[in-house]
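As structure tokens, here come the structures.
Each of the next two complexes has chain A plus one other chain: chain B in the first, chain C in the second.
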Partner chain A sequence: MLLIRLLTFLACLGASPAFAERAALSAALCAPSVAAKAEALRALAEAGALGGAAEAAWAQTLVVAVEARSFRCATGGAFIGEGDAALDAATLAPSPAPIDAAEMPINNRIRAAAASAAAALTLFTDVDPAARVEATTTLERRREALSLSILDAALAVETDASVLALLKPLRARMMLVDLAPENRIRAIEAIAADATLRNRTMISEALATEPDATVQAAGAAAMERIDRLIVIGKGLSTLYSGLSYASVLLLAALGLAIIFGLMGVINLAQGEFIMIGAYAAWFVQNAVRAVMPGLIDWYLIIALPMSFLAAALVGVVMEALVLRRLYDRPLMTLLATWAVSLLLINLVRVTIGTQNLEFHQPFYVVGGIHVVGDFIVTLNRLFAIAIAGLAFVGVVLVLRYTTFGLNMRAVAQNRAMAGAAGIDARRTDRMAIALGSGLAGLAGVALAPLYNVNPNMGTGFIVDSFMVVVLGGVGSLLGAVIASFGIGQINVIIEPLYGAVAAKVVVLLLVIAFIQRRPEGLFAPKGRR
Partner chain B sequence: MTKGLTRRGLLRTAGASLLGVGAASFPMPGLIRSARAADTVKLGCLFSSSGAMANVEGRLTSVVRMAAEELNAGGGVMGSMIEVVGTDPASDWPLYAQLGRQLIEQDQVAALFGCWTSVSRKSVLPVVEQSDALLYYPLHFEGEENSKNVVYLNSPPSSSVLPAVEYLMGPDGGEAKRFFMLGSDYVWPRTINQQLKGYWASKGIPETDWREEYVPVGHSNFQTLINQIREFADQPGGQPVVILTVVGNSIPDFFREFANQGISALDVPVLGLDALEADFEGLDTAALAGHLNCWAYLQSAAGPGNDKFKAAWAKHVADTGVPYRGDVAIDPMVSVYDGVHLWALAAEKAGSFAVPEVRAASPSVSFACPSGYEVSMMADSTYVKRGVFIGSLNETQGFDTLWQSEGTPDPVAFSPYMQG
Partner chain C sequence: MGGGMLFRTIAISLAALTLALPILGGPLAGSGIGISPYLANIIGQIATFALLAIALDLIWGFAGVLSLGHGLFFAMGGYLIAMHMLKEGYVNAGVVPDLMTFMGWTELPGHWAFFESFPYTAALILILPGMLAFAYGWMSFRSRVSGVYFAIITQALTYVAMLLMFRNDTGFGGNNGMTGFVSLLGLQMGAPQTAVLLATASTGAALAAFLLCGQLVRSPFGRMLVAVRDDEARLRFLGYDTVWPKLAAWTLSGVIAAIAGALYVPQVGIINPRLLSPEVSIEIAVWVALGGRGTLSGAVIGAVVISALKFWLTGFAPDLWPFILSILVIVVVVGLPNGLSDLRLPGLRRMRDGR
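The block that comes next holds the complex of A and B.
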């Protein structure tokens, strides 16, 4: 066995002159300390970058193996993969790993160095310019394994304009510690082009030891520019947080406003209708995955009508079995709908379970878009804002321009008179309940990428949505919109100043004070109450 | 519509829903048959299967049942079969005390297994002390308490949080210099952070290098807080970390927003002190890889004991159809499993189910914990000595073992870093 190993060793040595260097580079990854491992990854990236295409491909294989945790260290050398299927790390030839081969443990430092090395090597190994663009963006943040010589080598072989457009400023930024002051100024300018607090810190730390006055001046000017953009970003960020919180409140409150406004029924099960909408979206997801796996990214859109219908159906059933018998006793409807809410929670608990449901996160609800300063538009919240906007516009259109909407407004203003005019008030009630609970179902879909979906998810929304409805004025949709915006903005403005606990208290106190001065809410309902 | 019809309608609905609630929350037989039969011994569970803690806490009752079945299959404890009485305190802290009293007085349970949050333990504490009962508490917690009526199955900060923070401050952990503490607003996070501040002060770290924020329990909108964290992290002064002590459903909400705002664990690692494998069940962890936690057990712990435990849990889930994932094992599950076995061993040793005898026999027994460590209770306190693991979140919703202790360090009940 030993003899065979020795022979393969010699054979490889003959085949590849770079073998000794490769063996040393891969063995260095097995160094005991984390710092030495990170340094070995840096050396590996540099050797790959400067050694030509074959060397870069080999180095990339090793780095990928480290990231995938298939890199093994043993007394006889380094290996990729396990047991008989293992490859020698230096030659990539099949070579059974010895018994003592242990997985190379990775922590955040090694993860960072490996991510950086992989991105650097991608510049030399990937034929797809898009992949090289992505690698360059990774290198902006992950410079652990990056050096000027690697960048220069990359610039020498790069032909694609889109990659070059990113590589050149990256190289300029790397010159922050260059000997020539004009290079340092150029570096500052390049860094300041992306106005984030992180970059400002980078510049301010460099200026702390800067001897040259012109560089100091350029740095100060750049920081001032960044500061302005950061302030704008901060303002936008607060606005967006408030808007997103408002959209959640509005989604939860819209259906409630319709049911409460039209019939005076206090529906405590409204939160559970949201939960049912979210669960319906989950079933849609599973169905789409089983039947049309290609459309899995669009299940949230497919779920919109389904969840609306599912929640509307539950609402109509509740109306037929419970509410219909209690129309003249609002306090009883309060109790009965509360019972329905408990029933629904527990029904879901015993049939599906208490655990948070797993949702596939399609690309349009993952991550965010960096806008200005440190302001990031998170897509899952944008999705909720869009659905809230669409739901609101939809409801307004239905109320304004359909016969059903006309009937609903008539019944809400004067039930007896509407009946006398030939409107079937009971039927209108049923339709309104269906619309109101269907809207809660829509909210369930919109909130699924934002919150945990479990049987208890609805209980958190009911208090907030009542607050919105009461503050906005019973039955007023515009009032609900303005109230949710107000509560949302006040919350996010107070939160950073006095903490999230205080924000909740302050908002509640403000609502109480407002209701005392104006019990009918922002917009007083017209008609008989 | 007549009045009678209305009342009947209401009664029917109310009755139906109450029945639904009752059937889901309480196993009725346990409440009705309260006397202890000659050949059975009862163990009571106080774990919420509804409310903010349900997602993680609910499964512990099933683990107690599983451990009891194991013991029963081996002939029970001293010939007595174990009967497990479950309850649902609904994440409502005072309800823990009420149901605990009910279990002790009405059901006459031999021992209680229960509580996740410290505030629920504090609520049960007077009840168990008053009636000299035993509560086995499976969570790592803030310490600063040593009641002879509570067996602390998991670690105080000295043997969980501090080793993890030390790791983060060391060269391998990235030499953390600045700390953002974010917690749910109750006793556990506040006490932990108090101790951490004392610890950092003793290391000469200036007060300007840490920040402390709290959110209400069950808080779900972390947008502004994560903006604050980013702002804190991007300022000069060295490597920032987040010490996260939010609990329950706030944990997945926090991490979802953290990932969506594009902050990587490689830039700002989060040490989630209550973060468990189960909290990431619904999340894509590829964007979260590298965040840390510290517990006395990780699912990735190597060894035959752990393989056996995981197989037993998977089988239990498959057999009973409980709505939990059979392939996820978390520290409190193992802790409560250890607890049932430690109680059984102590009762066997004492030859009695009476609390004083069981307590007296407890320090002299030990159990091979699935984590791979042999665990036993201290002689001079009711703390159980456990091993320490630091875990690193991987791409498949699990935690890899980043570091683990040599043996089982002695827990320190009262922290020297506690100030004021």
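The block that comes next holds the complex of A and C.
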């Protein structure tokens, strides 16, 4: 009975064309010399890599057996395991090992080759991308069983970005040590296509031991190209981080400018409205997680209107309880809004605590798009820029095309005349406060993925956003945009050179020098006060 | 205004305190009516706050220029006197300042030269803040920067100064600030007698500033200030130069604030950049607003009441203080435009009206 089953099994396997090849590959592992054994492991890895999933799984089993010292060599072929429990190495079918089966001898060189082969095969057999990433890092160190054809096969089937990001440079490095100079040049070209500082180091390291003059020349040219692109990339990423800082400043300053332009009220609690917005986003996140866990990735989008409303609500309450009575005493509004900010900070501190809030990072704010050099368009900053851009467009549209916007412009120009024309100035004030506070709330959402969210987060913004308002001129949207971009850029340009404090000092001195010439800001309406 | 009964009551109280402190805190310290060094220290600190509030009231209450950066001048005075005490202790007593130890310096940087001399330091305490106030005031008033613009920029100045002082390499002690003072003018720091003497000096300085500013605001110069506050445009139109009165009051205010800081720091025994945080400067404005602007008396009352309340409350309920302060500010600012003097307390009102 057993014999019949075994025979049919063997017959099936015999029909497979791979069988003979498998037998040869596994028999090669029993070659007498260490070099031949290492070469056999390399061939096994390559066969597994190029032969498809089943072949890779089989090769992996053999390599694991070699590593586990359960690989046996006998006159009748190779076996895995001992005695009656043994499997035939070529078929993996149960096949009692002959009496002369001996353990395959292993030394460090073979162990290294086996580890390399195992890692190479893992690229094809493991479904977990993390395991493949680990295998790739192993291959960086252990290239004994690695070949270009294995890497090309892996690159062809690999879909995970994090693994691909490691495999590509590995292939380039393999090529760099290729025997043919034209292959080395090709490798340098391939590496230089992605102009990062890391790749530049890789090329310069390879050139240090490069004997061929043409390769040297190609390498020098490639490095020059990389240097140029790195400089461009550095400039771009400075601009980019300035842009993202500016966009948050703009969100905070737009609200300030609207409120100040309309009512002459400086809202020292604007930074705390940012904080309220961020906390509202956190509550939205928790609510989404509890009620509709499937939508958790979209909580930041859901939070946009909620945070706007939350901050606007606090602003309206502040207007109703405090500001309404202070419109003729603008200096007192400074103290009153400062008191409101102190109250808000401490209310949050007592009710929620002082620790930084944990935010889920949805896929659209994680990672970035690599552009040039070391410049990466990080998505969390892009998110903030997008929110600022949309909010700005929204504000422009509201001001220009809605009745409320018309009323606001009228009241800002001449309160008494607007009142005479039948505009309810107080109501316009309230709505402007709601709009201005709501914009700060949006800034809170924009900051949630890239900033520490805690009760004190707003205090750092207040001075900078006031500089924007002062520089931008009261109630001028364009002025606020230009001023926030200017301040954002100055901050990021000076910061790496002289530190964050120097950046703040320079901005402040510029503002003081600036208001000497134009006390009413960049874009003040013409006329003498 | 200013010459009413309330003004006299406060002047007399300050004078009485100045005279009584050395006796009650000295020979009578242990007796039933005596003052402990601890209490004398608190009285002294509060007196420096009153001095600071007088400085702000001069410029805000009378000239209508709100500064949210008086902490800058206060801290300047404090840092200068702290540098004197550390340098003096280093040169004469061989006490190595902490900031040299953790910066690994074998000698103090160049800007510490001559600080072992008290006259030099005292001159700097008057000159440096005065120069800073003058320079900033001249630039601002000349280009007619006023109102909330001016206030916000003073706050930004203070904020930037705080960031600078937080740096260790500027040679001012970084975020640890300066502490470990040995002596001042031969007085041993920490000795009971020193606390009493410093407190006496503080109440004396508050009294002097109170009387001086009281005279000043009653003089034609003071009228000019009030006129600037009430309608600067009209004054300019009538041919007056409004820059100089404002500038004079602003500079004097800065110098008084620096003196207050120089008296304050030896009493608390430490200075660090927290003194430059926007909150501290805003709190000064809160004292004046709560007490009532433009009376000088109000500034003193505001500073004394609020800081005494703060001392008392932070002792047992530090978490409660921000709530009380913020709600107090909102209530007073909204409900009592002239601060506590709006309260219809019969006695207070009679005193204020001088009846």
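As a working rule, the second predicted complex is superposed on the first by the 354 of 529 C-alpha atoms of A that agree within 3 Å, B and C clash if a C-alpha of one lies under 4 Å from a C-alpha of the other, contacts with A are read in each partner's own complex, and residues count from 1 in each chain.
Here, a contact is a pair of C-beta atoms (placed from the backbone, for glycine too) under 8 Å apart; a residue touches a chain by one contact, two chains touch by 3 or more.
Owing to the predicted nature of the structure, the values given are computational and were not obtained by experimental measurement.
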Which superposed partner A:Asn346 touches (first chain B, second chain C, both, neither): both
Contacts of A:Val322 with chain B and chain C, given as first, second, both or neither: both
Touched partner set for A:Ile266, first chain B, second chain C, both or neither: second
Partner chain(s) touched by A:Thr125 [first = chain B, second = chain C, both, neither]: neither
Touching partner for A:Leu508 - first (chain B), second (chain C), both, neither: second
Partner chain in contact with A:Asn107 - chain B first, chain C second, else both or neither: first
Chain B versus chain C as contact partner of A:Met332, first or second or both or neither: both
Residue contacts on chain A - larger count, chain B or chain C: B
Partner chain(s) touched by A:Gln361 [first = chain B, second = chain C, both, neither]: first
Those residues of chain A which chain B touches in one complex and chain C touches in the other: 321-322, 325-326, 329, 332, 335-336, 339-340, 342-343, 345-346, 350, 499-501, 504
Sites on chain B touched by chain A in the complex: 1, 5-6, 9-10, 13-14, 16-18, 20-21, 23-25, 49-52, 54-55, 58, 171-174, 185, 213-216, 218-221, 223-225, 227-228, 230-231, 234-236, 249, 252-253, 256-257, 259-262, 264-267, 269, 278, 281-282, 284, 287, 289-290, 322-325, 392, 400, 402
Residue ranges of chain C touching chain A (in the complex, touch as defined): 60, 66, 68, 136, 139-140, 142-145, 147-149, 151-153, 155-157, 159-160, 163-164, 166-167, 278-279, 282, 285-286, 289, 319, 322-323, 325-327, 329-330, 333-334, 337
Chain A to chain B touching residues, read off their complex: 34-35, 105, 107-109, 111-112, 115, 141-142, 196-198, 200-201, 204-205, 237-238, 241, 244-245, 248, 321-322, 324-327, 329, 332, 335-336, 339-340, 342-343, 345-347, 349-350, 352-359, 361, 366-368, 370, 374, 376, 378-381, 450-456, 460, 492, 495-496, 499-501, 504
Parts of chain A lying in touch with chain C, wherever the complex brings them together: 260, 264, 266, 321-322, 325-326, 329-332, 334-336, 338-340, 342-343, 345-346, 350, 459, 462-463, 466-467, 470, 499-501, 504-505, 508, 511-512, 515-517, 519, 529
